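Chain IDs A, B, C, D, E and F follow the sequence of writing; residue 1 opens each chain.
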Amino acid sequence: MTIETRCDGRRADALRAISIQRHYTKHAEGSVLIQFGDTHVLCTASVLEKVPGFMKGKGEGWVTAEYGMLPRSTHSRMDREAAKGKQSGRTQEIQRLIGRSLRAVIDLSALGERTIQLDCDVIQADGGTRTASITGAYVALVDAVRGLEAKGLLAVNPIKTAVAAISVGLVQGQPLLDLNYQEDSSCDTDMNVVMTGQGGMVEVQGTAEGEPFTRTQFDQLLKLADVGIQQLLAYQTQALSQS
Amino acid sequence: MTIETRCDGRRADALRAISIQRHYTKHAEGSVLIQFGDTHVLCTASVLEKVPGFMKGKGEGWVTAEYGMLPRSTHSRMDREAAKGKQSGRTQEIQRLIGRSLRAVIDLSALGERTIQLDCDVIQADGGTRTASITGAYVALVDAVRGLEAKGLLAVNPIKTAVAAISVGLVQGQPLLDLNYQEDSSCDTDMNVVMTGQGGMVEVQGTAEGEPFTRTQFDQLLKLADVGIQQLLAYQTQALSQS
Amino acid sequence: MTIETRCDGRRADALRAISIQRHYTKHAEGSVLIQFGDTHVLCTASVLEKVPGFMKGKGEGWVTAEYGMLPRSTHSRMDREAAKGKQSGRTQEIQRLIGRSLRAVIDLSALGERTIQLDCDVIQADGGTRTASITGAYVALVDAVRGLEAKGLLAVNPIKTAVAAISVGLVQGQPLLDLNYQEDSSCDTDMNVVMTGQGGMVEVQGTAEGEPFTRTQFDQLLKLADVGIQQLLAYQTQALSQS
Amino acid sequence: MTIETRCDGRRADALRAISIQRHYTKHAEGSVLIQFGDTHVLCTASVLEKVPGFMKGKGEGWVTAEYGMLPRSTHSRMDREAAKGKQSGRTQEIQRLIGRSLRAVIDLSALGERTIQLDCDVIQADGGTRTASITGAYVALVDAVRGLEAKGLLAVNPIKTAVAAISVGLVQGQPLLDLNYQEDSSCDTDMNVVMTGQGGMVEVQGTAEGEPFTRTQFDQLLKLADVGIQQLLAYQTQALSQS
Amino acid sequence: MTIETRCDGRRADALRAISIQRHYTKHAEGSVLIQFGDTHVLCTASVLEKVPGFMKGKGEGWVTAEYGMLPRSTHSRMDREAAKGKQSGRTQEIQRLIGRSLRAVIDLSALGERTIQLDCDVIQADGGTRTASITGAYVALVDAVRGLEAKGLLAVNPIKTAVAAISVGLVQGQPLLDLNYQEDSSCDTDMNVVMTGQGGMVEVQGTAEGEPFTRTQFDQLLKLADVGIQQLLAYQTQALSQS
Amino acid sequence: MTIETRCDGRRADALRAISIQRHYTKHAEGSVLIQFGDTHVLCTASVLEKVPGFMKGKGEGWVTAEYGMLPRSTHSRMDREAAKGKQSGRTQEIQRLIGRSLRAVIDLSALGERTIQLDCDVIQADGGTRTASITGAYVALVDAVRGLEAKGLLAVNPIKTAVAAISVGLVQGQPLLDLNYQEDSSCDTDMNVVMTGQGGMVEVQGTAEGEPFTRTQFDQLLKLADVGIQQLLAYQTQALSQS
């Protein structure tokens, strides 16, 4: 593993500079600007005192997510999805992933019949927007839950453990942690891993963009992801320890 | 005119705290975060080397705008327009207004056959998002034009003069400058005024929400708007004087 | 102010030939064909015994409007909005304006929990379709209200005063009243003014299409609009005085 | 066959009052207001100097139709299709029928590479809107073709013969010609017949709304339709003989 | 009438090989694969314990149909309607026809407040998909009704008689039964006929694709259709007599 | 690992009955009905002599996929996506996965500037529709490529190796191969694995539906998937060895 391969000077197993800023906007019950280097995502959590139709009458809550990119968050301008009149397959895939990841760490019965709606909007993109979204959305979710607790609306804390996500990939055969856009565009294999604060795996999505990958490479990537996620969990804890 | 009427302690003829931050994101040719108090709008300018179909072959350029609100920029969460599959009438009305206002101060022939696309995305809303959008979009437009000039792509500067916008309104009969959300919700008349750096009027849109307004009140409002726009033009000049 | 400037021989301060024909179609509670010269708009008012969701349970009524153009009402054929699957921004802007203008003169509490739906459909277009729509829709609204009164469904007349609208513009620096299509296409400034029967202003929308306009020009235009609206109010009164 | 059965006093084999008014609006190349009693349809023909993609390069023209109903053309208000964002199955069925019927009488090769677009918009509906549309659209088509001829753009007249359409139906077992809305709503069988000026059949669409119909009844209905169409052809000829 | 005219060696009055296979898939209450030669349609009947809004509270049931073609059921691939975001006019026309045809033979009062939803999906197309759909959907409908009867949910059998459909057409002046795709593409007149088991006519839709047709030809076609439908009714009876 | 846990009597490491039927429909260049037990998917391959816009001028081909479920392929009827006007997020996710998986084994340069479009339509669903789709689509792709070779249109065989897919999951802690619907609905973790004929991994998508999974469980699942895929590759080879 050689240091000099990465375009931004990072070691193969290094995260980009991580920043988690809570209370970023004033209306949302949780509002977090998370930065993975030049990738900046605003994650808000909104508490809605209703549940979707398919959850009605079960005495349980719901957690769901939507995802969007500002048209010029990217290198060249993307068409605005609202103007095109539909969300792309990629957008839907990402927002479903965020929703599933968050639901994996929350006890919906303990939440009561309400919805926490996460919105992850990419202000600036440089690779890894879905992993930054999951990692930031967790912090926004905790802030929203703390708000409900402060109002005495929850008997027990519905959050079972933390959740964070990171990308790993093979670039010219070398496993790299937390790919930026340039690396992501040229990698052979791209993998997103979501894990909990207790070490459980929630999602593993590995895709060979070029050459198929071997089982050995897969194991290397999973190990690298684990290293990154432990650090992200620590950043989350630190951010949430501040008032 | 009494000071104590305004919920945030402002004088009737005072703007909110104005902030204009250039180079806010890194990909766009112009990128400005503008704040009118708690209203925060990210305005980006993207240079596209093409023009829409109806402008092809005229040897002229085009300037257009799109507008959006993040779902939780508002007090209670709004549905995401991309998920609903269409932009509301209000959104379309605002983005048409922004586009017209910017086109009023640019010489499309001098721009060459290219488009400058403005995107105004509301990060946090507290009234006046359309006027902040126009005022900030002008600064982003200038940065995009400067970039074209730096590349030697423009023979003459296509920007004829500056443009800025402000809202004024009648609240309980009193003319107020730069309404925040609470004032905007309770006002009898709401007016948006767009003026150029040379004192010309580009748009005047006055609407009686409750009682119709008189010609005298209308004149008072126009005068108040002029006061605000002169200050906004100064903020723009100051922001653009920095490197 | 010179008479000879206008393509159709009118004086600068003259309306086109105005015609208001009530009971134009047989099913609607109000049905008015209004003509501003070659601009012909069919305005119908439909009484619906329900209110939209956001008005339910308030004990109040609602007045709203939709606007459309027949595909060949215009010089060259426009695509049919129903076939394109969406209404343009212009259409939405106009129908929101019509709705606001009518609501400005009706007491929604006195209307009871019902909706009066105005439909303004342009049969033939020659400029000024939105101002003809507002002026004609008012007459259709009165007929619908009279029908409710005749059935004993209203305790008091909910209509507070009349409302009418006209366009004015600057063509080669000269203020003109009631622009036709040719004038509208070549004007520097286009302004639509909506006023009530009591002289109050409801909407003022002035737009510089080319050069910005001065405060002096603005005042000239407002004055000219007032002249036109007084005449339109008289035409409305006359039409409504017939059985 | 008894006279007294019909709600409007007509004989079973009588058409409603027919009126065909040419040059109804001023922009379209053909513009016809056709009335079958209280059913009023505006049929315009627009000449477009292009053909749809699937016809390009064949050296032939195209004739097509669109159909719409004004929201309050009907007894109770219908939702506006442009606002709903799609045309109903019924609308599409009717506009396909109108297009096919007109194409049956025109020689597309003789038309040259251009499209004649028919728009049939129902101003007031009382049954039989599709048959009135076909009958009126033919007259508008002829006017559009005459315009092309007058400009010397056609070597030979592409119109082979006239085309007209009528509805017939069984009401309480009795065959009736040209059903109005009340009859149409209560009939057992509804049939629309399209025939040419040379006696050829172009479309026969018979539908049992209640009880199935017998072969004998079917023959009676066809015969009645033929009677009506001969009269409609005469009305068309008369209208077209005026300048 | 000459045998040698048909591309597949059939006599002019011969159906293609007919096959009706019940219980084709396992989830639906009725599931029938019907084959008219190389035209294969899967018809399923689903029992839903609800009725559409416009039927609520009437104590009656509803029968409706949807139709689709697999993208490569046809000679060259068609765009997928789900991907295009709308059903074509042709699709809507066909599914409306199927629904009407089935409703003609069922007593909706006897069905109770439930819906039987028919889905006709074309696996392979070679002409006549709508007539195969109607003929197969009837068998699926019977199976669904038998299932309701077996559960004791119906007091009386709501099915009044059978229904079947066939196409006939004029190819080079000769009347042919049950057109395949090649014949359908080259025919002058195409007619679809729907009849009941008691000889009543439910739908007759004749269209001149090229030359108009005469009354004599029309009678020949109707007679030929009757021959075909009698055979289809026998195939249905035979299929339904098996367990 | 106990045999008795599975509802259908299978061993934990057993596939369902696999059937691959080529030439299932007659129009498509490749047409395969694949069955994984009660899951039946029709996979067709269509050769289109064009490439999408973003691939034009590169001298390369494209392979893409669409996926759909017949409305009553499932236990209870699903709404038809064509009628709803959009494809669900799940549908888009699956069709993107199928496309990526097939592109992993084809040399797009060797294909020439043409597209092979795969359509995977679920006739009957009982879990594992996406893995059956990938496995069957590969066979259809080979048939389409063989057709191009037979016409002499390919210089070299663009297919680099085979590709197949299978699902594995943890049900009550036990790893199971090839989940049916009942197992899929109750599993804690669901994983889809796509591998090539040379043992390379193309996609691994593991999702914890309930409890997160451990690294040890993950390794067990991957091993089980490998067992299943080796068998599927053999079924593909066998099917393709027949004429």
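Just so we're on the same page, a contact is a pair of C-beta atoms (placed from the backbone, for glycine too) under 8 Å apart; a residue touches a chain by one contact, two chains touch by 3 or more.
This is a predicted model, so every value here is computed, not measured.
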| item | value |
| --- | --- |
| Mutual neighbours - chains that touch subunit D and subunit F alike | E |
| Between subunit A and subunit D, the fewest steps along chains that touch one another | 3 |
| Reference subunit F; chain at largest CA-centroid distance | C |
| Classification of the subunit C:subunit D interface as same or different, half of numbers criterion | same |
| Between subunit E and subunit A, distance of the C-alpha-averaged centres to the nearest whole Å | 51 |
| For subunit C paired with subunit F, centre-to-centre distance based on mean C-alpha positions, whole Å | 59 |
| Inter-centroid spacing, subunit E versus subunit D (mean Cα positions, whole Å) | 28 |
| Numbers and ranges of subunit C residues touching at least 2 other chains | 85-86 |
| Topology of the chain contact graph, where touching chains are joined (line, ring, star, complete, other) | ring |
| Residue numbers on subunit D that touch subunit C, as the complex places them | 25-28, 31, 38, 40, 42, 44, 46, 48, 66, 68, 70-77, 80-87, 91, 117, 119, 121, 123-125 |
| Parts of subunit B lying in touch with subunit C, wherever the complex brings them together | 86, 89-90, 92-93, 95-96, 100, 104, 191, 195-196, 198-208, 211-215, 218, 222 |
